[in-house]
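Pasting the structures here.
Shared chain: subunit A. Partners: subunit B in the first complex, subunit C in the second.
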Partner chain A sequence: MLHNIDVISSNMAAPVNSVGKTSADRLQVNCTSFQKKTRSKLISIPGTRPSVQNGQLLVSTGVTSLDYLLGGGLAVGTVLLIEEDRFDSYSRMILKYFLAEGVVCRHELFVATAQDNPDEILQELPAPILDDVAVPKPVEQPRLTGEPQDSLDAMKIAWRYQNLPKVQSALASSSRFGHYYDVSKTMEVEIRQAAKCHRFYLPDHITPSSAAHRVESYSALLKSLQEVIHREGFDLVTPMSKSRNILRVGLHSLGSALWGDDLCCHDKPRHSHALTTFLYGLRALLRSSLSVAVVTLPSHLIQDRALMGNITRLCDNAIALESFKGSERETNPLYKDYHGLLYVRQVPHLNCLARQLPDHKDLAFKLKRKQFTIETQIHPGTL
Partner chain B sequence: MLSELLQGIESGGFLIIRDSCRYSGRDLLKSFITAALNREEVIHILCFDVSEEELKDGLKPSDTQRLHIHNAYSDPLGWTGHPNFTVQQFSLEDLTNLVKQTSQPKPAVLVIDSLSWILRHKTPPAVCQTLQQLRKGGAVRAVIGLLHTDMHQRGTVGSVCHLATSLISVAPGVKGKEAVARVTKRSKSGKVMQDEEIFCIAEDFTVTILSKPSHAEHKTNSTEEEQTDPTANLTFNLRLSDSELEAKQKLTLPFVFSKEKKTALLHPGPGSGRILYEPDANDDYDQEDPDDDLDV
Partner chain C sequence: MFTELNSILNTSPDSFTRGEFILVSDRQSDASFLIHHFLSFYLRARCKVCFLGLAQSFCHYSAVSQRLAKEKGQLVFFEGLKECLSVLTPKENNVESEAMNFLRDPPVGLRSLYEFVRSSVIVSDNMEEGAEQWGPSVLLVDDLSVLLSLGVDVGAVLDFSHYCRALVCSQVQGNMVMLVRCNGEEDDDDDDDDDGDVGSDVLLKGLTHQCNLHLHVQGLPTGYCKDIHGQMEVCWKRRQGDAPHMQKNLFQYKVYDKGASFFARGTSSAVL
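Up next is the complex of A and B:
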């Protein structure tokens, strides 16, 4: 089940990656914010691009603000851990964005759940906005009180700037490798069925009455994933006769009681090694194949902080979501424009010495209809 | 929102009433049972915490046709040879058989009094899985459970409540017979609604909702801040009188155009020669990089 240590130590798997890099890129240490432009014309896998910082092959998470925070995108072969918010609304949304991005880029999907059927998540994927150009709305400058309500006279002096869009403080990558989605509509059935999707629904694989249920659920999942990777040729064992593709793995609510794990139930869980062993095996499997994984975890139920630290270290990227719903922050006027806070717990350093942590630490997110924005909070008085 | 929940739980729903030793949630549970009986629903109750007589006390005797109480209070662990219902029977197959035995046409509502008892004898993951399977399966339409939060670890309570579609936490109120209920409802689309209400339960287990708790009013007072006027308290005059305002608006600015010319420039019509510029990859010419045009 687990691969060799040799496999784990070689971080990059995709051979296409070396084409776009120059020797200058490899020696660069990320201490400045300088980003070199790359002009690689040989991207053979749709929906990916090499990173401008360290040359890794990146895929988009589906949320352009999140791509910017993670250093341009999610590197192929890594795991993104999302610590769920209390009611699992926004973490589930990000998982859906990730899978929807896979459908639009024509990657293959692998969805594993224990609570709801994977088909339910797939039916809720947001519809992509395919014309892909943000339409600027005419914005008026703030008027002094007493002036007439005429829209043209509102900007007497600067009227040429009337139709330009307002400057946004949202973080976004400058390239167009991510897509935008409309949350109010679901993806059309034809688009969704064009993508190949592998499902893993835990009750189908495990008989409920088995006593050693706890360990079996994770190992069954890992075996199933390994079998899919090998069968579909993501592990680069077969020669490069057919075109390459990326496998996007979405694992929903790992560690919850429905996976048979008592991590969330007891203060001192008896079998805390099951999930950590699984994550170790998952990362080894991903490093040796062209896949990328997003794992959501109900961390608010885990009482043991040391265990949470272990889990964070075993994943490459880690973010945590905290929604304002139900907490006393909901009525705080500072937070009235946002739906919750986002914490970047960990960013990996792959093939380089230093991590590229985001500059801003106070991040807040807002789920708008056409965009999931992550903004830095501008506190009054700090400007 | 409490009254909406009393009027009916949606199919596949799972309601948990969380109480503590300060205020027992059993009266509220009986109100739910009464309301469901009034709606002509079939109810199965798994009775662990209290005896059957105590649970039936106060419920109308005419409804016993549709009310099936499974006595797990007298012998829950099966110590005598012939137990009525044991805690080991809390699994999907046994419960489905139990509910189907009564051979009613429509699916029943399962009431569990209480979940805490089951959680003490079965592992929380197993209980969570059984509850999830009950919800997904067709034998039971909805599940209502009573959970004593002070009997378990926080993680256990959190894990079980994570599965619930509606959650009611009850606490004692300020005055005698009143209690405070904090209701959280999760809809299928992922929307979460929360509410806090004061209620009291009458002798026949009807619930009357009183007002919202008073500390909500305090919050609205504090958020209304005074808008400070920046033009006050200055040594010079920043305000405009009416005649000055008129004069300002009449002033012609040097580059002011007529309205038609402005609209023409802002919204160019057809045939006015628009330049559509889509930056190409080759146009990204960096002035500082001399090697940019070398094909390395």
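Up next is the complex of A and C:
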């Protein structure tokens, strides 16, 4: 099945200059055998592709194996909830993959945090592994053919192509679906700064001492997000004449005490509806715009399982991570190949009746240098 | 519309009992496919449908049904997601949606939402010439648990459903279908009563008492299975003569792309 998806994505690698076309130009998809007839307009945006199952527009989470679990990718207009592992190491990593994928695909980013400054997360984004050099070389120094500058880079045979910008290869990679990252390196500053990023750092918006802090933080976030969506033209109601792009929204550690919420502090929180109301508003914003959100939540601090059920239902996709670090499983030989377990709590069934549940229930993950793998656990006794 | 479900329930778009309150509920499962069934059922029966779509956007329902509201005026759709933004993120020149004003102030209750339902369901006397004569009015709600998540009190939701039932089932002699979603196990071993959990269970019990037909969906007790998505319990409450008569049946189901199939326990195609 994965092979088929690659076939589709290579057909989908539309050159960027087709984005400027009006919506009347439907995307030429020659894989109609996979795709059902849908009446939805297909927009050609780099870094997206229609779903094999129901034609919905998908983006990559940055983790190829997670894309597979979610049915090919994250549907535009939906929310992915990640229940954080105990030390927020792997959930934060997936959030960074998601944002890094947005940078590589030339999407816009919106990052909201209450704890660390959003810039800290952005500086930690992993470096993409690209086939070609994707760094746009600075163009302020036009090369003269006689200059022996960078003799190692100088082309000897194809010297006519010496001064062509190397940006074209970046475009080729940005139209591919799903990329790989090297977590031992951080993304180069030039690549990162090429992406437009909107930040929401809670202490900038709310003074912690104000009495209204508790319930105001989520509504401030919602207002800020709506304003960005409207101002930058991600609304679906915006006329299709201008080129469209995707807004990737990363919300870090919602529900933690730093957001002014007491969900993690009390058994019976006083404002238990602040977060769920926010998630409802978030769903409303996402469904009416070309954006997609990843929310991490320290669910291990929330005692109320019913509340977690409500929160999960208000998100579309939901996974939970459990890391082995610090637990007795770390030394268990059964789990020596993995870093933790991954649970798929929910997958959506938008615009169709049936959910596509993953075949496997016992999933474990491992963060390798160049890949975040999610696999079915094979117990020794079952072989 | 699922034909197998119609035969289980012994109804069809041409003949169905009027004045019924059908409760659809689920526990750790998703019964929203049944809402799609009832939506297309009543549209095909040429009823005037008022749909409170609180959980998903209009595109979702229309994409599934593929044939929604082609006839003008048959379907009144209330999209909760769209209306909520006008209350949650108010702007100066936007008119706030009246029906969702409980978002601003949960203790206010659902009176405005009820007023909206009332205005949609009551057929006006002075209809224009040539307007279609629709069948009985039907109210569909997807779903009530969203209201609990948004901070509305359980008592207010029960009042709302009671008012709607009095309006739709008794006064107008139409039908009402509501979806309630629950969490957790039925008998909780935990000592602490979490407000959220108790809330939806109390709501479910209260509505079960009021309803005529109860479809309860849950996962299989034996665990996850790819071919059988869950089980559905059908519970009729009819009044025959003086004595209330209750009948329960258990089915298993599997949801497909375009429909669902229902079968007796153990007779799934995967097994036989």
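By definition in this document, the second predicted complex is superposed on the first by the 295 of 383 C-alpha atoms of A that agree within 3 Å, B and C clash if a C-alpha of one lies under 4 Å from a C-alpha of the other, contacts with A are read in each partner's own complex, and residues count from 1 in each chain.
Here is the rule we go by: a contact is a pair of C-beta atoms (placed from the backbone, for glycine too) under 8 Å apart; a residue touches a chain by one contact, two chains touch by 3 or more.
Remember, it's a predicted structure, so these values are computed and weren't measured experimentally.
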Practice task
With the two complexes superposed on chain A, say which partner A:Arg305 touches: subunit B (first), subunit C (second), both, or neither.
Solution key: second
Exercise for the section: Answer with first, second, both or neither: which of subunit B and subunit C does A:Ala257 touch in the superposed model? Expected result: first
Practice task
Mind working out whether A:Pro333 is in touch with subunit B, subunit C, both or neither, as first, second, both or neither?
Solution key: first
Practice task
In the overlay, answer first, second, both or neither for which of subunit B and subunit C A:Arg287 touches.
Solution key: second
Exercise for the section: Classify the contacts of A:Pro203 with the two partner chains as first (subunit B alone), second (subunit C alone), both, or neither. Expected result: first
Completion exercise
subunit A residues where the subunit B and subunit C footprints coincide 267
Problem - Contact footprint of subunit C on subunit A as seen in their complex - result: 38, 40, 219, 222-223, 226, 267-268, 272-273, 276-277, 280-281, 283-285, 287-288, 304-307, 309-310, 313-314, 349-355, 357, 359, 361
Problem - subunit A residues touching subunit B - in the complex, by the definition given at the top - result: 22, 37, 39, 87-89, 92-93, 115, 146-147, 152, 156-157, 159-160, 162-163, 203, 208-209, 213-214, 256-262, 264-267, 298, 300-303, 325-326, 331, 333
Problem - Complex contacts: residues of subunit C adjacent to subunit A - result: 28, 30, 33, 36, 56-57, 59-60, 63-64, 81-82, 84-85, 88-89, 103, 106, 145-146, 148-151, 181, 183-184, 192, 194-197, 200, 224, 226, 255-260
Problem - Residue ranges of subunit B touching subunit A (in the complex, touch as defined) - result: 91-92, 123-126, 128-130, 132-133, 153-156, 158-160, 162-163, 184, 186, 190-192, 194, 219, 223, 240, 245, 249, 253, 256, 259, 262-263, 265-266, 281, 284, 286, 289, 296
